[in-house]
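Going in written order, the chains are labelled A, B and C, and every chain counts its residues from 1.
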Amino acid sequence: MTPLENELTALKAELASMWILVQSQLNKAKEAMVQYDKDLAREVLIKEKRVNSFELKIDRDCENIFALHCPVAIDLRFLLAALKINTNLERIGDIAAGIALYVVESSVNFDVAALEKTSLIRMYDEAINILMDTRTAFEKEDTVLARSIFKRDDVLDAINDNSPNIIAEIIKADINSLPEALYILSIIRKLERVGDQAKNIAEEIIFYIEAKILKHHESGNMQTPKEGE
Amino acid sequence: MDQRIGIRNTKSVLFKGLIIFFAFVITIPLIIVLLYIIKQGITQVNWHFLTHVPAPPGEKGGGIANALMGSLIMVVMASIVAVPIGMLAGIYLSENPRTKLAYYSGLCVDILQGVPSIVVGIVMYFWLVKPFGGFSAIAGSVALAIMMLPIIIRSTEQTLKLLPDSLKEAALSLGVPYHRVILKVLVPCGFAGILSGITLSIARIIGETAPLLFTALGNNYFSTNITGQMESLPHVIFTYATSPYDDWHDLAWGASFILLLFVLTLNIVTKLLTRKWKIQL
Amino acid sequence: MENTIVKAENYNSYFGDNHVVKDVNISINKNEVIAVMGPSGCGKTTFLRGINRMHELIPGATSKGKILLDGENVYDMNAIYVRYKIGMVFQRPNPFPNLSIYENVVAGYMLNGLKVSKADKDVIVERSLTSAALWKEVKDSLHKKGTFLSGGQQQRLCIARAIAMQPELILFDEPTSALDPISTSSVEALFHELKANYTLIIVTHNMQQAARVSDRTAFFYMGELVEFDDTKQMFTNPHDQRTQNYITGRFS
């Protein structure tokens, strides 16, 4: 294996590690939210620093590979995608930390019934699955799996769109549940952004493997290739 | 313009024809000489001719054995002197082309090449014949060596100059001392060129008569004594061709044929050797 | 430092009155791959040749200052011995055309008149050709002349010839500029393998090559050593503006 191939393999492994870390952050934050476990939430906040330093390291490694090896073609696309996926993962990490922060700051635990009505748990599970699948698509270079992400993100978007009405009802039913309901609304918004970030990751994966750009197009559309294919 | 092109084409064709014609023309003198000598001389050559000394005038038979031996001895002796000196001088000139010494000695070599062979003979007479009281094969060899030197020196120098510098650098970078770089790398790589210079110089001197007239003279008897007079092929041709005896005229033709054969063979062998042993650089 | 193998102290080189290498101070460690880069005429090759005293073979070439090899100044040592201890590979592959591949590899021993038994020679030839990644390709034609190999193979043969002498330090003077891209890659792959046992100093005018193969890079400009740093640092954020101008192609 050439030195460049070694570096790229190492970079892939680093990204995979970051992915696993971010996945576990998201899972822990969910557990903390459902169980109202402030200690678990604090763990998430502490681990957030690791996510940030991962991002810095991967950025620096990409810069070094660009400088020393001047990669082209698929290697170049991989590095460009890696830089963006890096940023997307870091933002998902931020979101997980944000959710954990709510758990730490909230004075009451979240009402299970409210969580059900808004489909928050379902949304959260789907978001976690989507994230897991982006990692699988990346490691196995599976563009079919990557493309499936777009439709699944629509589910998250739908839940998000419905949530203001449901939250409004919950608040009308019991005005005391206002702070809790607002937290739930915020978490739903955050999870919708997780879906968006995952969609971006999927677009980058397809770009790097097929050189097709799917950004800024309707989800699910197979659009024009970048350079004549 | 069409007209001019027509005229130009004609001129081109004429020119081509002219140069081809002259290329043929130059082979004619050689062919004529060869054919004539072969015709006159080949009948003389037989085993007896090659192994016997000349018969006294009036008697038939005889041969050129003494001349063959004499030429051989003197050529070998001349080579023993000229080849090492010539090669070393050639090596110096190729290695140090820009020194004053190289310039002046190179000049001397070129001048020496132009010195008439008879003048060399006369000078040798005064140096090596008169002081020692007699003609000798040694004096003859020295005269011949002096004539070989310029050819060997220049061909060694040219051959080595053609070798790429990278060859020398490769050897030097391995920590090989200078004398070994020359003797074990450059000379072996230039072997074909240097050898052809040597064989050409031999082909040159084997037919030189004038210097031998004043140094080795001739000898009717078979002799291997290098301090005395010795016969040689060109001298024997001169002696017999200018003599009044018909038998000796025949001997002269035979000797001419043999001499020609040697020169031709040397030239052809040189060409073959060069081709076979030429190191692909 | 214990680990330093070559050190230049106030080293200067001249061609007659022409001051070609100006006051170079540099320290190179064992088992490093050092690239020396710079525009044409910057003195990088002259500096390299000063290390194994090939520079002074050119008429009119002189130098001042010290170059220490394992602590000893090469200019106080016997020049021929210095060249014997340091290996060199040149820009144009130059195997000896009158020697076979086998003889080329052991040429350093044979030309120096060193007595080596046939068995030892066989070992040296196999070991050197293997280190040069050439053994498999030529093991059945060791008796053939070296000049029948391709350019890349000839260059690897020259590398094997240098390695056979077991030098600690090998100097490369633009070793791949006469080779096609695939041969270049094979020679560059070799640098990574040779690093384990040797220290390499590679002069190159191809800065991408310098970036790919070296641990540290020296940038020469107009005879001066402008910058000498980790390759990663040099190519992501060099300290000197001249270095930056050179690697970004702002001037040739």
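Please note the rule applied: contacts are C-beta pairs under 8 Å (C-beta built on N, C-alpha and C of every residue); 3 or more make two chains touch, one makes a residue touch a chain.
Not measured: the values here are computed from a predicted model.
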(Q) Using only alpha carbons, which chain's centroid is the nearest to the whole structure's centroid? (A) C
Q: With centres defined as the mean of C-alpha atoms, identify the chain lying farthest from subunit C.
A: A
Q: Using mean C-alpha positions as chain centres, tell me how far subunit A is from subunit C in Å, no decimals.
A: 50
Q: Express in whole angstrom the distance between the two chain centres, defined as the mean CA positions of subunit B and subunit C.
A: 47
Q) Using mean CA coordinates as chain centres, what's the subunit A-subunit B distance in Å? A) 93
**Q.** subunit B: positions in contact with at least two other chains
**A.** none
Q: Spell out the residues on subunit B that touch subunit C in their complex, using ranges where they run on.
A: 98, 164, 166-167, 169-177, 180-181, 184-185, 188-189, 191, 279-281
Q. How about subunit C: which of its residues touch subunit B in the complex?
A. 52, 54, 57, 59, 80-85, 87-88, 90, 92, 94-98, 107-108, 111-113, 145, 147, 158, 161-162, 165
Q: Spell out the residues on subunit C that touch subunit A in their complex, using ranges where they run on.
A: 185, 189, 192, 208, 211-212, 231-232, 235-236
Q | Complex interface listing, subunit A residues touching subunit C | A | 2-4, 63-64, 67-70
